[in-house]
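A, B, C and D are the chain letters, set down in written order, and residue numbers restart from 1 in every chain.
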Amino acid sequence: MIHTCRNQNLFFSNPRHGQRELTARRFVSDCLVVVNFKTYQTAHGASAEELARAMSGIETNARMIAAVSALDLAAVVAAAPGLEVWCQHLDPVGFGSNTGWLHPETAIERGATGTLINHAEHKVSIEHVAMLLDQVPEGFEVCACAADVDEAMALSALVPTYVAVEPPELIGGDASVTSADPGIVSSTAAAVREVSEEVGILCGAGVKTGADVAKAIELGTIGVLLASGVTKAEDPGAALSGLISEL
Amino acid sequence: MIHTCRNQNLFFSNPRHGQRELTARRFVSDCLVVVNFKTYQTAHGASAEELARAMSGIETNARMIAAVSALDLAAVVAAAPGLEVWCQHLDPVGFGSNTGWLHPETAIERGATGTLINHAEHKVSIEHVAMLLDQVPEGFEVCACAADVDEAMALSALVPTYVAVEPPELIGGDASVTSADPGIVSSTAAAVREVSEEVGILCGAGVKTGADVAKAIELGTIGVLLASGVTKAEDPGAALSGLISEL
Amino acid sequence: MIHTCRNQNLFFSNPRHGQRELTARRFVSDCLVVVNFKTYQTAHGASAEELARAMSGIETNARMIAAVSALDLAAVVAAAPGLEVWCQHLDPVGFGSNTGWLHPETAIERGATGTLINHAEHKVSIEHVAMLLDQVPEGFEVCACAADVDEAMALSALVPTYVAVEPPELIGGDASVTSADPGIVSSTAAAVREVSEEVGILCGAGVKTGADVAKAIELGTIGVLLASGVTKAEDPGAALSGLISEL
Amino acid sequence: MIHTCRNQNLFFSNPRHGQRELTARRFVSDCLVVVNFKTYQTAHGASAEELARAMSGIETNARMIAAVSALDLAAVVAAAPGLEVWCQHLDPVGFGSNTGWLHPETAIERGATGTLINHAEHKVSIEHVAMLLDQVPEGFEVCACAADVDEAMALSALVPTYVAVEPPELIGGDASVTSADPGIVSSTAAAVREVSEEVGILCGAGVKTGADVAKAIELGTIGVLLASGVTKAEDPGAALSGLISEL
């Protein structure tokens, strides 16, 4: 049996602020595969552009998204024009005296269509997330990362576009969260639903295969957030193809 | 008309994790007046002990709580044995190599019965609040501070004992939040209720008089968090008496 | 009288690690005018490219340097190929799991030749500065910012390429540090000299005119760090020309 | 051969601001043994008081210093009146609106005679250290911790009373820095001397025995900073006695 996002309930089809029309069925095109390039050597500079091109070359109805370094953003957008490109972090600053901080509007002008925030490797205050959400324009997607169910619920109350749950102890590891701790995925999905019906749910940590992605969907998410499964793969193109093979 | 906590609905009578029995009516004894000593000169060292004694001398059925510096905690507890004393901040660290951080268990051994966290003057990550809540024993009260409705909702998802909303621009000012921005108080109360029925709601910023406290209760809170209204008063004892005069 | 860097003593001609040959006289070509684009609306996105082009069009023997957002770096480098472009901040992370942090090597691959660090608007720990200096390759310039003499001395002990002293209370203001507080500039220059003879000294805050730059050189620096004097100027090109007019 | 502080050169006899008279020889009474209680279970709450009493019971001419949690400070001072007691961290805040921060003046009123700052487990900005040093009264000792030579030199430029070098990878371990990496101790001592002759030098990490302390003195320090060697000892009193046995 091929798992698809189609069998999810309709809550998921309406991520954040209703900017997409409510439909009774969800489609594979709503499924997300977010590849976090982090600062991997194989996913920075020219290698980031190459990996982005590989992503945009994958035939799939799922949404492939590259989350890249601010330093690589413009070049990646230029290299892979059709690809959705996110930042890995943004700061809720305005125009003015904010030396060294990452202004959302500059990111948007450089082609970012969304961002991660509060990743386990880059924690911020609730206020940071809330201010960022207030500041970004409608349609700019914000994926807030959570280490566990409690944090996922708290973030969901701020109604980001997505909440991604990633148990830190599994990040970068061999075991996929979907098999090592499926309970955290399904219970996060249920808990987030309780707080907000608008927030999409992702899961991550150790995700590497098409079976992992399919399982993530089955557990109540609309997609996955992953990194080393692609960036450390011997053949990243094959790894990417594998990820969407069971959707 | 004298406002009391009695006319609140029963959600409020059951703060956090159901450790108090659900009752149909709430009583003045559920009302909180939390005095944040901050690092005010009039509320540190020996002055902290004196202010705490003044607080414990007030005749009221409301709960008077002193939130003091970690450096003053033990001395204040000794000086005003009947008074509830909270910390102003704690760190979710365990026993071990955590130089300079404030261990909850040490605070409890020194007599703290609760703590503020995420105050506008001391912001922390969601993870910090979540870990602290996981770590403290049942009965130890945690009051998470929020700058606005969004932050209050996010914190409520973590189910602290209380959420206190304090618009930063009004903190330390002349106007009480209850008159300057009553909408933020009532809308926060409503929003928190949506997320959790167990979380008690406080408000603060500019609170100085019994009328401010009464108005706070009327707007849906179970009490107030204040500082300069007492610590900067010419006669702190009179200021304290005034605060509970309309309960 | 026209002030130039020429009349400085030879310490200044040998910034960091001796990578330039020691010479008995310093030249205007050693003078730095670092324009910090911050997140000013007039200096981000396409406007950053335009301002960088204006900078590279100025006829001068001084070194004009643009310190830009990580998000704008690659585009600014492409827009103004001859211009030295710095980052406003970098993080001392390696390759790997460092979501959202700014890797020096990626910055270098994108064309950065240096960076600011520890700006008053983006303070970091001593360890952050020390690790960054350990990590960057020879020739990559690091300008550590200090609020006062003490901080300048501490940073100098780490031997960054430059230390820039900027009294925070003067940043973005109308009065140039060179006239409002010339003593802090000369005493910082003397103090830094005591700690290290290899560190170049810049000053900043309120710098707007050629006279300010000339005065900075006279006070013992090899250049200036400025922002609003250019980014908020009605005619940035004229402002830039003015800055180097007395060198 | 018994090592003593006596054979050090006279630089060491004049820590910070010349508040002690310069003498030609140093004495054991200038040697420091700073025990960092951290948040060890065996060194918090009532156990902190007990350990402090054990320290004050040791017969020695060396200076024994307990660095304790802010929460335990007042009680430890009361329990061991003759003992020097330091904080593990302080914040350079003034009187006023600084919820949850540790005010130096409150620490002093509660009996602290000094503090650690910038410990590897609690890093701060240079500005934090500089402001703290500006703020504390003469005679209040500040021991700034450094991970390596560079950081030690930077901190020395701020002229704290002491700089303690502790390689983080050895903290809490079995091997004493004095045998595992004696070079870092002697080179730090030399480097600090270059920057300031007023700063006393301590070393730490893995220090457990009297031989370790003697070796530290021999390498150019005036004492040691240690934690687990005492707090995790089966017989802390014996461990303490051992530490000063070769002075």
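To be clear about the criterion, contacts are C-beta pairs under 8 Å (C-beta built on N, C-alpha and C of every residue); 3 or more make two chains touch, one makes a residue touch a chain.
Predicted, not measured: the structure shown is a model, and the values here were computed from it.
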- Message: According to the touch definition, list the chains common to the neighbour sets of chain A and chain D.
- Response: B, C
- Note on the structure: Rounded to a multiple of 5 degrees, the Cα superposition angle from chain B to chain D is 180
- Message: By mean C-alpha position, what chain is farthest away from chain A?
- Response: D
- Message: Report the inter-centroid distance (CA atoms only) between chain C and chain D in whole Å.
- Response: 37
- Task: Find every residue in chain A that makes contact with two or more other chains and list them.
- Result: none
- Message: On the basis of the stated criterion, which chains touch which? Give every pair.
- Response: A-B, A-C, B-D, C-D
- Query: Which residues of chain C touch chain A in the complex?
  - Reply: 36, 38-41, 44-46, 67, 69-75, 87-89, 93-103, 105-107, 109-110, 116, 119-122, 171-172, 227-228
- Where on chain A does chain B make contact in their complex? 118, 123-127, 129-130, 133-134, 146-148, 150-151, 153-158, 195
